[in-house]
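Shared chain: subunit A. Partners: subunit B in the first complex, subunit C in the second.
Up next is the complex of A and B:
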């Protein structure tokens, strides 16, 4: 027997470790720690009902009825020996009357309602009290609508969620939907509990009807939409999303749901064709996962990776995706950059930034700072020549110098220090270079140039 | 005898049942019992009835666990869904259980004479307490009250604090690794035992599980310190322990040697504790010294001081572009929204679009939830009161001293948790001095008095502290706990704090509880 009993803050914790066949070795102790049957224990028990209060050892637990259970002295094993009564809850107090050890436990102060033998004769208040205490109760006797509502109101008044839910279940079974809805609308607390209950029980249909009756149409729409998460098969999910389109979403959400449907529809088409992996690129870079249910940006990346340059007419082309889902220029360039850099297509990267200015000249432009472009290129192991080109495009001089130093773009460093007329830095930097490398010689030349007016 | 208990049934509707083998064992007929923890659920019994097994159980009862002591001054209900239920679903059942827990507490430690509160839920709990007391009038406890005051605080009075990254040692452990039921699981590599004489040791694969509470001396010392002060504390401890071990050279007589040996177990425990926490501190340091952590913290502090809260943050944009974990993004945008009392429609729409496009459209559900609880919402016509609140309550302390703090703001290296500031002001000089600010915060504030039987009024000795029980309805962070402990330890503060909460939370677990379908893979 391995029952460990320990106390903390005057509350007993009991851990039961494993199978306990032999009950005889288990010491029966009361919640206050006294062995059941000992003199001191029975003295305490008597005292608790008389309430002399002179004991120093433990504060008397005698206020709330829920605690009175803890005040009785029964070990776990004696509880588990109680006989069951068919068809009713085995209530705690009823188990008392069956065990012989009750002979020396004094009567605990019993609430008045316990005097009544017939369970069915109880008022709403008394029924609710019994439900709170876990005693046997019967709701069937509340037949008339008025009685039922009284019961509900009483449950709400004591605010025990457990009891409110139980009463609601009863009302759900015994009242028509229309009447229940009508009555709940006037009872805010009960209504909230009911909504929560329906959510937990997954009663979608009823919940949607209720929300509709309440005029909470947006909630109803979102609730319905949420169900898509439970559909694993992509075609069924797509069809389900389609059915959601007509729901009364807010304008914003309606757009998102529309996009969600369109996206999944297209992903299914792309997936079907790409799975066959015919094109060269799929052989070189086999797909690691399916595109189904991926977010739009991920889909765009995939498209930039495997379907770059396709005409806008196909669902799989980046330009089609960009247009259909109204992806910002920034997002598009960032995503395309990542994909093309991964494939080391430096030429494609270059084209991303080419724009023609109003005179017709091509110049480089980026909605994201070029320092970030450089970072991404570096992450994809771009060669120094490529990096250098973009470092050169960085506007901010500090960032530019920083980038040049970080990525060892020697020419840019040298030119920058030259322009800053910073001789000291050039000397320092020269030491980092290989002797006789072109860059080393370049610095030497600069240093020897008498026409430059160095600042240091 | 079998004891079967459900853990975490809650108001919960378990669609799984732990399936004890109900196959009839003819040789040994077994009794099956149910013990609901923390309380019985009529709904569960209903389900069992539906499945036709209710009558197979010999006994059905509950073992009520309302408030669980986590440490000498900390109680928690560990009700994960309490915040969501109260503030999102408008189901305040967990408050009922909080009230019941408080009644139990009063039964053990005496009626609390004074109840203060701020927030709708606080009002609710107080009402229930008063009503429960009335119902059992006549059964007065004869116990000298231990608590002088109860302070009930709604979590939504201070939505900002849980969003910020905690900077105390314990707070960081929770943020990075997650503390569950007083335990933390850590990557095992740093804890590999270096056994003497063994060459190639195989690396342990099981995470290292450590128990964290104040019974461990070193932990009690460093847990509430700002992380930047932990290094110094650890090296100081290391010197003390070294010196203690060196004492063996001074032990000459048998008696002295004997004494030294008797101290060994304690010294070895101290040394092992030091080793563990040095390893943990190293793990944390790897993260706190990273560029990303620094950048993130900078943005948090900018928001908290009101800088650029009205435009799209490029840092957040970049994080979304890099597909950083969604919860990190959500914490930051919510923080910006809270500090700005709602975001400009354009800014909000932009963030939403970026989030949905990068992480998936299904997250419209989560975004809706965040809006409902007030964490991420559009700007209303009401002016932003946050700067006024921040100034009046001195929430931002420029010169917060991390090593030798003189103010609670050390727990966030500059930001004083609003909830704890309110508590601090309540104790001294009292809430009357901040009436205007209190009105700016959601929910009513109130004071109630409960009758204490004559003769039991506490006569406080000079120099004796008041004991205040602070109950956070919706969750509390370790940083707030540290801040309250700091207040208790302040010289001549005159007050000692005991902390209770519906749940111990951090920003991540808190936001997660508001997400719909977190099981789906979060990028």
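Up next is the complex of A and C:
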């Protein structure tokens, strides 16, 4: 009998006593006649003619941490016939060891040797090698902790992530988690594979235990927090976020998670009342989407749009949101400006920047450059009069002139050129204006003014 | 387009062979499940599959209906279900659920999973655990490499970057090794292999193992050299805004698997059009590597020429007209169509790029690369975040700031992170955790402790047990080197010099003359020196892990193949890098074929 079923703890692998020649025969048949068969054929042909260890081969490079091999792994390999097949065709043999053993008559395969326990007597090196090639293997004999770890280290040493994970699955099933965790602590590569495997399998609980055992509490907290993304229902999500508050986040992240919870809590309240709101503004500008799960700044914008001027006591008021989430002045002004400009409430825009000094004069002051303010106003199609006022407030003379030119604030352009005593530019600019418009006449008057000493 | 002439560019290997190999293997695998069957295909395999086979071929092999894998319950009346998927646990779980549901319903079907490019034990374990191992047969379709263009090969593995660099899972190492092995089997041995990076080393080793147990081909090789480079050797380049045409198209419209979908704003109709972007498109092939500022002029000149060609019709007699229609008109029409598409695309680029204050963005990037007016840059980034404009651009700028500046000052890091979370959502604190893990966005550590740790790590690097430590500190050790590297390799040309983008003088043209991609500069230097000699300081700053090995002796006679270099980016590359390498190829009379894991366009959200 050439087909055996091995049971390694919970893992079963169908073992076929591979016979390389057999497989190649089958492959050849299946490929003959195909147009590409010739390519594969030629590859195969050369494959069998030139063997490994030829003088052409590339040298092994000195790769970093390689564990000390037990015994001589390499001499062992010579006992095994290296199966020469290019990677591209590996699957055929693969598919055969799978399907043929099942569907096709096993008698087709000549029992070549009766080496019953061949696969189970293999060294870690040979076992890993077989696993890499997708050939039959058995992990049954790796029972002592030392053997298991040798197997794992060998898998790591050949850089094959697939095999590393396969060994880890075996260890997961055959070692208590305390022992496994302990051993993984000193093996970073294996550990990262294990963590990734658990993530992909959705084994949240075990993962959290692992991270805890490793002392990676922040990672654990983040991992747990991430779960909220899978919760669609907002109240459940809020409750989940609340449960996250006690997790061992870093100090900063703890604040952010607290914000997240508070935000969603507020949003739920605001959403419930605004859904049935009847105020004028909601009719004039119907809401396009719900406010749930929006970022803080979007919420602030929303509140500046629909709830401007509400007293700080209400959750939906801009001032409450600003205070609760410690929003900087700059950020607040930017957001409020956007919202009020969108509504074309130029009065509100004005009052955002008005400050009174101790003499009682009103002065405009802004934490963001006025050129940026002008940009935003322009994007919300503010009229020229409004734009002009803010262009005038731009500090940098180049930006100011640029803004004035861009937004056609004629007076500013003309005055700037006048101050620069730039006659040529004035003449050029005059040509861009409509004849007999007030601006045109203004330039005309300036040019006729003999008192000015033009620089050109 | 002032292009230097191609000095008899060497003929590239015929990569269509790879497609044929893949197609024939797929057909073979389909035939393993005789009879009518429904085929379920992973969404991201659709386009690659399109490149090598079509529906007719599938139907010829008794595929009845085609479905996209959506991880939802299925409606199929077929008795045989075949799944063509990437080896992902989630997909295998979904299939197991289907099988189990059928079992409960007392329905008998045959199931087959074809994993591509290979299967993983973890996936098979799922089948086993779900009790369907045996009910489902599995196979591998070794579709490793998809030729995307004459000079671009792709593994089309979008998860490569994340799995390898973020999760530290080496599952794709052997895949990359097998891909190289396949190339070598089909196109002959390489004479020299260079590489840098941890993953590059592992790929080389995995490939070498395959070579040792496999065969060596004696045939004349079609490639001379291979260069393997890890993406994390150069994170700066993919963080910069692209300004060559192809790169811009990718940034704005996303080029997927060599094709792009132009929306209604480009096509000036109400439909979107899918366009293949490769050297077959004569208009595109002339502008793809050009700096964007040259493209419009070129296109309008082209349009004028086209008009002249059309105008030839006037004053033709019947005979001439007949000849014109049969010989030229079709070509002209085709060109006309392509031209109007690319003009539409550039128009739409102009619009979008001015709206987003693209010039300011570029200016900030250039300042960061130069290490100039950093405070102003931070203010700009802050405003960018505050205004809630493009989330990805904000993140790109933050990462660029961190990498070029050796991490952010603690107070900047905290304030920018807080503002980012306020603007784009608090859930992004997970994104920040990932970026920190990757070393892309970090908080500066107190200076003293750092140097002490660094020197310790240096000593311990060869000790396996401190692998964990090394890993934890590797990002620290990597720190701050961009400035020094940039200086040493002259990546940032002196500012103030005129740079004529129409006549590029070096690879910096792909970034408006402001920066030579680090990755490409390394490749240039190593090939010039035929190794790493003289670059010791550079490699030390890049965390070492460089190698250069000689394989097969050089063939007796110098052939074209000697000039062909295969560059493999492990973790993806950008179109800007491809353009830069094309430029280098022309200049050095060498030709580069790029093999990439996937086109990256840094996207590292949760």
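Simple rule for what comes next: the second predicted complex is superposed on the first by the 262 of 456 C-alpha atoms of A that agree within 3 Å, B and C clash if a C-alpha of one lies under 4 Å from a C-alpha of the other, contacts with A are read in each partner's own complex, and residues count from 1 in each chain.
One rule holds for everything that comes next: a residue touches a chain if its C-beta (ideal position, glycine included) is under 8 Å from a C-beta of that chain, and two chains touch if they have at least 3 such contacts.
These numbers were taken from a predicted model, which means no experiment stands behind them.
**Q** Quick check for you: in the superposed arrangement, does A:350 touch first (subunit B), second (subunit C), both or neither?
**A** neither
**Q** State whether A:439 touches subunit B only (first), subunit C only (second), both chains, or neither.
**A** After superposition on chain A, A:439 lies in contact with neither partner.
**Q** With both complexes superposed on chain A, which partner does A:183 reach: first (subunit B), second (subunit C), both or neither?
**A** neither
**Q** Applying the touch criterion given at the start, work out whether A:222 contacts subunit B, subunit C, both or neither, answering first, second, both or neither.
**A** Once the two structures are laid over each other on A, A:222 reaches both partners.
**Q** Answer with first, second, both or neither: which of subunit B and subunit C does A:132 touch in the superposed model?
**A** Once the two structures are laid over each other on A, A:132 reaches subunit C alone.
**Q** Touching A:334, do we find subunit B (first), subunit C (second), both, or neither?
**A** The answer is both, since A:334 touches subunit B and subunit C.
**Q** Contact-wise, after the overlay, does A:234 reach subunit B, subunit C, both or neither (first, second, both, neither)?
**A** So A:234 meets neither subunit B nor subunit C here.
**Q** Please tell me which partner, subunit B or subunit C, touches more residues of subunit A.
**A** The partner with more contacted residues on subunit A is C.
**Q** Would you tell me the residues on subunit A in contact with subunit B in one complex that are also in contact with subunit C in the other?
**A** In the superposed arrangement, which is not itself an observed complex, subunit A uses residues 11, 51, 53, 59-61, 63-67, 82-84, 86-87, 89-90, 92, 95, 131, 134, 159-166, 169, 189, 192-193, 195-197, 199-201, 222, 225-226, 228-229, 252-253, 256-257, 259-260, 263, 293-298, 325, 327, 331, 334, 372 for both subunit B and subunit C.
**Q** Can you tell me which positions in subunit A touch subunit C when the two form their complex?
**A** Residue list for subunit A touching subunit C: 11-12, 30-31, 34-37, 39-40, 43, 46-54, 56-61, 63-67, 82-92, 94-95, 98-99, 102, 131-132, 134, 158-166, 169, 185-189, 191-193, 195-197, 199-201, 219, 222, 225-226, 228-229, 252-253, 256-257, 259-260, 263, 293-298, 325, 327-328, 330-331, 334-335, 368, 372.
**Q** Which residues of subunit C touch subunit A once you look at their complex with the stated criterion?
**A** Touching subunit A from subunit C are residues 17, 20-21, 23-25, 28-29, 32, 88-90, 118-122, 125-126, 128, 133-134, 137-142, 144, 163, 167-174, 177-178, 181-182, 185-186, 189, 193, 198, 201-202, 204-206, 208-218, 383, 386-388, 414, 417-419, 421-427, 429-430, 433, 461-465, 467-468, 470-471, 545, 547, 549-553, 606.
**Q** Over in the complex, which subunit A residues touch subunit B? Could you list them?
**A** 8-11, 16, 19-21, 23, 51, 53, 59-67, 76-77, 79-80, 82-84, 86-87, 89-90, 92, 95, 131, 134, 159-166, 169, 189, 192-193, 195-197, 199-201, 222, 225-226, 228-229, 252-253, 256-257, 259-260, 263, 293-298, 325, 327, 331, 334, 372
**Q** Write out the stretch or stretches of subunit B touching subunit A in their complex.
**A** It comes out as residues 1-3, 11-13, 31, 33, 39-43, 45-46, 55, 57-62, 64, 69, 85, 89-96, 100, 103-104, 106-109, 128, 132, 136, 139-143, 318, 321, 323, 349, 352, 354, 356-362, 364-365, 368, 516-517, 520, 523.
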